[in-house]
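Dumping the structure here so I can ask a few things about it.
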Amino acid sequence: MTSRPEPIIELERVTYVRRPGEAPVLRELSLRVGAGEWVCIVGRNGSGKSTLLRLLNGLLPATSGRIRVDGLTLAPDTLWEVRERTGFLSSNPDHQLLGFTVADDIMFGLENRGLPRETIRERVRRYAERLGLEPLLNRHPDQLSGGQKQRAAIAAVLALEPRIVLLDEVTSYLDEASRREVLGILREMKDSGRYTIVSATHDEEEMRLADRLLVLDGGTVIADGAPRDILRRDDLLKAGGMRPTFALQVCRELRKRGVDIGDHPDEEGLVEALWRYKWSTSTSAILTGSRANPAD
Amino acid sequence: MVDVHFRYPDGQPGESGGLNGVTWTVRDGTFAAVLGASGSGKSTLLQHLNGLLRPARGEIRVGDFRIEAGKPFREAAALRRRVGLVFQFPEQQLFAETLEQDLGFGPKNFGATDEEAREAARRALRLLGMDESLLTAGPEQLSDGQRRKAAIATVLAMDPDMLVLDEPTVSLDQASRDELMRLLHRLCKREGKTVVVVSHRLEEVIPYADECLLLERGRVRFQGPAEALLARPRLLEEAGFPLPPALRLSRLLAERFHLREPPASGRTGAEAFAERLCRLLELPAALHGREDDGPCGTG
Amino acid sequence: MRNRMMLGRFMDVGSRIHRLDPRAKIIALMIYTIVVFRMDTLREAALVSLFSLGCLRMTRIGLSQYVKAVRPLGTIVVFIFLCHLALDAGGNQLWRLGPFSVYSEGLERGLMAALRMIWFVAMSAVLTFTTPPAQLIRGLERVLAPLRRLGLRPQNITLMLMIAFRFVPTIFAETERILKAQASRGFDLKGRPWKEKAGLFLALLVPVTVNAIRRGVELAESMETRGFRPGVRRSCGHALIWRAGDTAFVLLFAVLLAVT
């Protein structure tokens, strides 16, 4: 019997209270994330998603419980080491870039690390290229679109080569085109296998790209599984502040009419299931001929 | 009578966000959707509606007001009372200690007495389905969704004939988004207000919109009823809009089952869709219990 | 208006002065400041003016730009000039205007005061017009580095300056937006008694301030998660290379100091 590999992120009964006397935002939460996984956290606004992310890199101190990141137990003396291994991105593109130019901003983190100038130059070049930012390197952030700003922020974080990336609703403020850009980048990041991603989101497409979906409600995890399985359950959708997709609703309506093709939140799944249903029932109708024609 | 009629207003043509020869009509009491990517000019368009921006060419008529290019417009204050403009992230403009004060700000600016302002505040909250007890709350005590609604209420408090909203649902969770759109639709149909919503999410506005305007780089690419827009999926794709799920599903099904026409338009609800599906595909009901019935248990 | 408030408005024209190391320009400006405030006689003023004019020409940026930079000071300069004219009594009396007499010393001192301010601003403009803001900040950081021995942290100061200036245009845009939003609710400062105006300003001030603070908090998060630790040495991604031309430039200013 092989032992489970050590999780790259581990929370053990973590509780977070914002101010003494207030109800806890997170209650005895335990969680394990394996290296290379993409875990998506969903929940209504105020369910604790953002708080959870900020506990993972020490932006907020846990009130009780233990947090381990990449083998290190999060504590005041390991804080900065943990931060070297985790990258963090938040939702507002206007509040993350502080350099006069995109290049300056990417350099900021690298300079904080005290890296030599050549390394800095090289990483700026490499990550600007990877994120399609070369023509924008000398622009002032105000001259960029929302999507471009988020891309620049992503470049600034990836240039530090973290093993874990924490994303707080990064597509929330973006329009359709920018959203697709950013999701494309996230998909590439996942495919590269180099990053463990933990992202909080409202975006359904993002949820479906993830390996695992975690639903938070009232400070605890009420569901943890494959997106496909969770997104078809009405009770979880409701608790997480989501609504069933159109495809899922159609499945429900069909079932009410006696056509049960299962629950499919995605359109392709619905079409396939419907196809199979039609085939199997037509076939059985042919095979059991007499039953379908009682008049005979 | 609130009627918006544009004739070639031009911003700075060529500049991102400018308008170039936009002609548009919105009838009183309708729900209109303005769609476009960022830089298409939709925010610029909105600001023309209440006189914040003046057209470089052409004219704008809103109700009895008339803004002509090149001529001074002195009734901006009165116009702003009739056309309530809600910017993106409206909760950022909340500044007073209590909601009541913030809600009263608009009416008082237009000369309401304290009592009138209070009544206007109560009414605005009610229209958005919020409880009156929130009047004494400060903005920090509200949830995100409530804050957004409260901010919209501050504009509603002026009792405008027309409500114009720039991306009112951005950054809200799904359930809150749905609720807000439903409330806005209700404002239109029940209270008789003309509602204009700018959005980059087609599927959000399409169930409610009577009229659609599609802008691209400052020009009108489409103008007309929502059904007409949905009948042109290629146009939507070119403009960068994902098709609404009903439409997407329709096409996939049409392809797979070799149907001659897609089962539904983009505005069909799930129930009606399921119904059509059953009929079109002659779906036999489940084998246990319902086989004597016709398609989908309808007998 | 937004452009005017950006850190000096860098204009990339590519003159020799543009290519100088920012440190050289900053040190030169420091020396120049001493020169300008020491200048006392008309002869010195003439020398400084000629020198400064030469510098301005070397930047290959039109004089009109410099005039624009100095213009905001216009009223103060005129006011101080007139004060000297009216109140400074010394030297020969030049003419009378009712109870006020104008003396030759008054004229001289007035002229001197005016020129000091004008040239100081103009030469500062040379610095900001010819140096990209990021370079300027880094140059400043290096020049102030010795202050570390006094227990100060020039790195933090310059970082603060950089962030502040980088957001000036952003905050202006935001103020404009809030103004429009409140105007849409009938916010109108015209025709209101002063007492009310002050209260109404809250409608503008509170949202912009709250947003600025919120931005500050999120920026701090971004900085911390990217490894920023106040007090820990940071490396520098930009190379600042001191060349012979830089030494020459600084020496020129030293010479000016010597002869005045």
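Going by the order they are written in, the chains are A, B and C; count residues from 1 in each one.
Going forward, a contact is a pair of C-beta atoms (placed from the backbone, for glycine too) under 8 Å apart; a residue touches a chain by one contact, two chains touch by 3 or more.
Quantities reported herein were computed from a predicted structural model and do not represent experimental measurements.
Contacts between chains leave no pair untouched here, as each chain touches all the others.
Across A-B and A-C, it is A-B that has more C-beta pairs touching.
Relative to the C-alpha centre of chain A, the farthest chain centre belongs to C.
Centre-to-centre separation between chain B and chain C, using Cα means, comes to 47 Å. With centres defined as mean CA coordinates, chain B is found 29 Å away from chain A. Measuring from the averaged C-alpha position of chain A to that of chain C gives a distance of 46 Å. Residue ranges of chain A in contact with chain C, taken from their complex: 54, 57, 59, 80, 83-84, 86-88, 90, 92, 94-96, 98-101, 104, 107-117, 120-121, 124, 140-142, 153, 156-157, 160.
In the complex of the two chains, the chain B residues touching chain C come out as 47, 50, 52, 77, 80-81, 84-87, 90, 92-96, 105-106, 109-110, 154-155, 158.
The residues of chain C lying in touch with chain A in their complex are 132-134, 162-163, 165-166, 169-170, 173, 214-215, 218-219, 221-229, 232-239. Residues 37-39, 143-145, 170-176, 178, 200-201, 240-242, 244-246, 248-249, 252-253, 256-257, 270-271, 273-275, 277-278, 281, 283-287, 289-293, 296-298 of chain B touch chain A in their complex. For chain C in complex with chain B, the residues that touch the partner chain are 177-178, 180-188, 202-203, 205-207, 210-211.
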